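Several structures are given next for inspection.
Same chain, two partners: subunit A is paired with subunit B first, then with subunit C.
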Partner chain A sequence: MSAVSKWEKMLNLDRRWIFLAIGIASIVPFLIGFGMPISTTAEVESIFDYVNGLDKDNAIFIGFDYAPGTQAENTPMGVAVLRHAFHNNVPVFITAYQPLGHGMALGALEYVTNPAIPGFYQSVSFEEWADLREAGITDKDELIASWESDGNALPEGAKGWVFEGRDFAMLGYAPVFSLVILGMTASIENQFPQDANGNPLIEMPMLREHKSLREVDLAFTTSGSSACRSWIVYGREKIGLPVAFGVTAVMATDYYPYIQSGQIIGQMGGLRGAAEYEVLLFENGITETTDKAFTGMDVQSAAHLLIILLIVMGNIAFFAGGFHKKTALKGRG
Partner chain B sequence: MKRTVPLMIVMVGGILMMVQYFIPHQYSQAVFTNYTQWAPIVGAFALILGVGSLTRVHSHKIRRKTKNWQYSWAVLIPLYGMPFLAIIWPQSLAGGMDSPSIFHFFFMHIQVPIQSTMFSLLAFYIASAAFRAFRAKSALATILLLAAVIVMIGQVPIGEIFGRWLPETGLWILRYPNLAAKRAIMLGVGFGILATNLKIIFGVERNWLGGAGK
Partner chain C sequence: MYETIGIWVGAFFTLAIYSFLYKENPIYRLAEHLVVGISLGYTMAITYDITLKPRLIEPLLSGNHWILLVPAVLGILYITRFIPGIAWLSRYPIAFLMGTAMGVSFPLTLKTDVLRQLEAAMQPFYMSGMPWHEIFGNIVMIFGTLAALIYFFFSKPHKGLFFGTGSKIGIWVIMLGFGATFGFTVMGRISLLIGRIQYLLGDWLHLIE
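== the complex of A and B ==
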């Protein structure tokens, strides 16, 4: 039996060492935080510019169309657009394409309205401002003035008030969601008579002003599957609803044709896309700091570098050892 | 009868919805509105079939003590436990009705970490697979490898240390060669879907019936 060469030893490296290296590359940047600058791309800037041009007279949908498996990439996208909309007083309908997305949407809404998170928005439940609603006060500026004159003070550190039914409606999940989108082109209320908290949509000022998808200005879907295509097929192509995507990095390549054809306004691709949006929010004074996606990019930098290093090492060993001329490695029979 | 009725429903429903799309008349819209209200309700009944089927399969495994039957409890307990917490016992951890409910707590602290962990494991396996399998064995494999390296490094901030050309080349790959290939695939798939749908609507393709009526 011939001696095993150093190249073969290298190629037969115990994969646990690789796992350990990836583990270290994933953890250390979180602890150190390099904070490397991120430049923005046209695909993300176009979404930002579009949302930035909306105000309280407009409305958007944010679809949390993913399961927890891809939350590290998808949630920061939804959170970033939600913050942007709240900052501009744009009413937001929140939906989920699948049951697990409902939980993701709830988690994102809680995150943005959590007093423990810097730059939070103070949420007012639908019941709490029922008196003002019944008095016909539904305009956002008047609502804030009346609410604060009733003795309610904005908590320290809060960026503003968000009223359930005026600024957001948690519609959640409904079965066969592609048909729900189709149905919402005629009437949102027909598909969601109540929101996820049991509040009747018909009593919500934002629903009265935006009765169907035809009166909505954007559907932003953050997705870990092909669910986002339904918004194109049933929203964009049927009634011309403006659509934007936030998708995982592995899916991002699939949707470039939609950008070029003008069927979607833009696309956030993976954590990078979310980080770019966070940078745009920060640079435009909408948030005081970047968030999880920006921090996560340090981890991705380290992990990508490590994987490229492994590819290079593998190829060096493969060719230097002359294995490209053989059918199998000795170590593997 | 078992085959004819479903085939007729599909044919009439399919043609109706196709024609309806192009007719903006009020009757046409009424059909459309009714359909979009019925369809999710009918679809929801599929859940009952799914839950029933899953329960039958796993209770059968438990009764017969087949291999790994213990794991069937891991399916059945959450399958019925989570709806119980959501519908029958929606209290919060503190006992009141304020969020977070116990259902939400379990979702956020069991299901979310489990699924995230499963997905995170991909990073480890991708790294190992890249080391062992990503070889520049041929000209095409070399092009693939170079494109992957440029896009990977161009997508992360550290790529800009090597110069702006690297992320810009990565974006160019995504915006042009990738787009061209994807569009070709999407058009092919689109025509395939169209052909298959027409075959189903007109009863040429009947595999979806399973063994019904045979």
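== the complex of A and C ==
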């Protein structure tokens, strides 16, 4: 039996050592915190600028079109845009392309309105402000003034009030969502007679002002599958609805052609895209801190450096050991 | 209390799934089967709660929406696949769905993925006052697209200056695309790991904020 060279040992390294190294490289930066800077890209800035130009007279859709498997990448995108919209008082219709996305949407909404999370928005349920609604007070500024004059005070640390039916509507999941998008080009209420909490949409001020997708200013879909394409096919191409994507990194390259063709306003690609949006929110004073995506980017950089190092070492061993001239490595079948 | 239990359960199953990295084991298999089962159960519950009940059962029980019996019967016909004697009936809802989906999506998909992309590729690559990096980008895009298309043209042998060199450039362009996709894929996989580590170190162990 011939001796195994050091190059062969390197190339036959037990993969569990690599997993361990990646694990360490992914934990240590969380504990130390390098605080590496993040520059923003044009495709994320364009989404930010577009949303920043909207106000209470506009409305947007945020589609939570993913399952828990890609939650780490997609949720920060949805959360960031939701915060931006709430800050600018832009009404948000929240939808989900698949049943598991319904839970993701609920989780994101709870996160943004959770008093334990810094910079939260105090949510007021549809029932709670029924009296004001029946009195015809639906304008956001008047609503806040009346609500606070009724003795309600904004909790400490809250960024503002968000009223269900005025600032957001949790529409949730509906089957065959592509056709639901198509149907919403004529009427949102026909597709969602009531929201996920059983509230009738017809009584919601935001629905009365935005009856169909033709009266909506943006559909932002954060997606872990090709579900996001449905918003272009049935929204953008049919009625000219402005669309923006937040997609997983794996999918990002597939959708760059849509930016170049002008079919989408912009795109957040993976955790990096979400981190860029968080930076833009922070730099523009919309949030007081960045969030989970930004924190994760130190780890991303450390893990990428390690992977680059491993690829370089693997190639050095491959060529230095002369394996490019052989058909198989020793020790392998 | 319930939140704490939930976090501990989440942490246990996260570690159970990652135990596969060491080697296959019964704890990993338990977690894997639970993911599949719970996802399906959740999907069924959500589908009933926010689709079947408010959109079909309640309107039918109210007695005013008998037209809903048509999609209801079509939907039930799907189940006939499990009864060999009348399994052929399931072809009707499938045919209806396929026909509708094709009819609705075909023209819009053609517009989205072919016509708009062609339109975007037919832009002038040079105009007065255009910055040099934009001109360079346009040239790369046009010649890259042409080279990749030549590579996928199989009716002529890939020989000579046009087809031979063109297809060689084409394969390089395609490889660059694959490289970018692979880089994004690595980033995506690490992102998923980051999400779980944030959960373990933050929500579970409270070592980070």
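In the analysis below, the second predicted complex is superposed on the first by the 332 of 333 C-alpha atoms of A that agree within 3 Å, B and C clash if a C-alpha of one lies under 4 Å from a C-alpha of the other, contacts with A are read in each partner's own complex, and residues count from 1 in each chain.
The rule we apply is simple: contacts are C-beta pairs under 8 Å (C-beta built on N, C-alpha and C of every residue); 3 or more make two chains touch, one makes a residue touch a chain.
Quick caveat: nothing in here was measured; it's all calculated off a predicted structure.
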{"item": "Subunit B versus subunit C as contact partner of A:303, first or second or both or neither", "value": "both"}
{"item": "Subunit B versus subunit C as contact partner of A:183, first or second or both or neither", "value": "first"}
{"item": "Touched partner set for A:41, first subunit B, second subunit C, both or neither", "value": "first"}
{"item": "Which superposed partner A:83 touches (first subunit B, second subunit C, both, neither)", "value": "neither"}
{"item": "Which of subunit B and subunit C A:196 touches, first, second, both or neither", "value": "second"}
{"item": "Contacts of A:232 with subunit B and subunit C, given as first, second, both or neither", "value": "second"}
{"item": "First (subunit B), second (subunit C), both or neither touched by A:172", "value": "second"}
{"item": "Which of subunit B and subunit C A:262 touches, first, second, both or neither", "value": "second"}
{"item": "Touched partner set for A:27, first subunit B, second subunit C, both or neither", "value": "second"}
{"item": "Interface residues of subunit A shared between complexes with subunit B and subunit C", "value": "19, 22, 26, 67, 69-72, 100, 103, 174-175, 179, 182, 249, 252-254, 257, 260, 269-270, 272, 300, 303-304, 307"}
{"item": "Parts of subunit A lying in touch with subunit B, wherever the complex brings them together", "value": "11, 13, 15, 18-19, 21-23, 26, 36-39, 41, 67-72, 100, 103, 106-107, 110, 174-176, 179-180, 182-183, 186-187, 190-191, 249, 252-254, 256-257, 260, 269-270, 272, 297-298, 300-308, 310-311, 313-315, 318-319, 324"}
{"item": "In the complex, subunit C residues that touch subunit A", "value": "21-22, 39, 42-43, 46-47, 50-51, 54-55, 100-101, 104-105, 108-109, 111-112, 116-117, 119-120, 141, 177, 180-181, 184-188, 190-198, 201, 207-208"}
{"item": "Footprint of subunit A on subunit B - complex, ascending", "value": "29, 32-33, 36-37, 39-41, 43-44, 47, 99, 104, 107-108, 111-116, 118-120, 123-124, 126-128, 130-132, 134-137, 145, 149, 152-153, 155-160, 167, 171, 174-175, 178-179, 182-183, 186"}
{"item": "In the complex, subunit A residues that touch subunit C", "value": "16, 19, 22, 26-27, 30-31, 67, 69-73, 99-100, 102-103, 172-175, 178-179, 182, 193-194, 196, 198, 229, 232-234, 236-238, 248-254, 257, 260-263, 269-272, 292, 295-296, 299-300, 303-304, 307"}
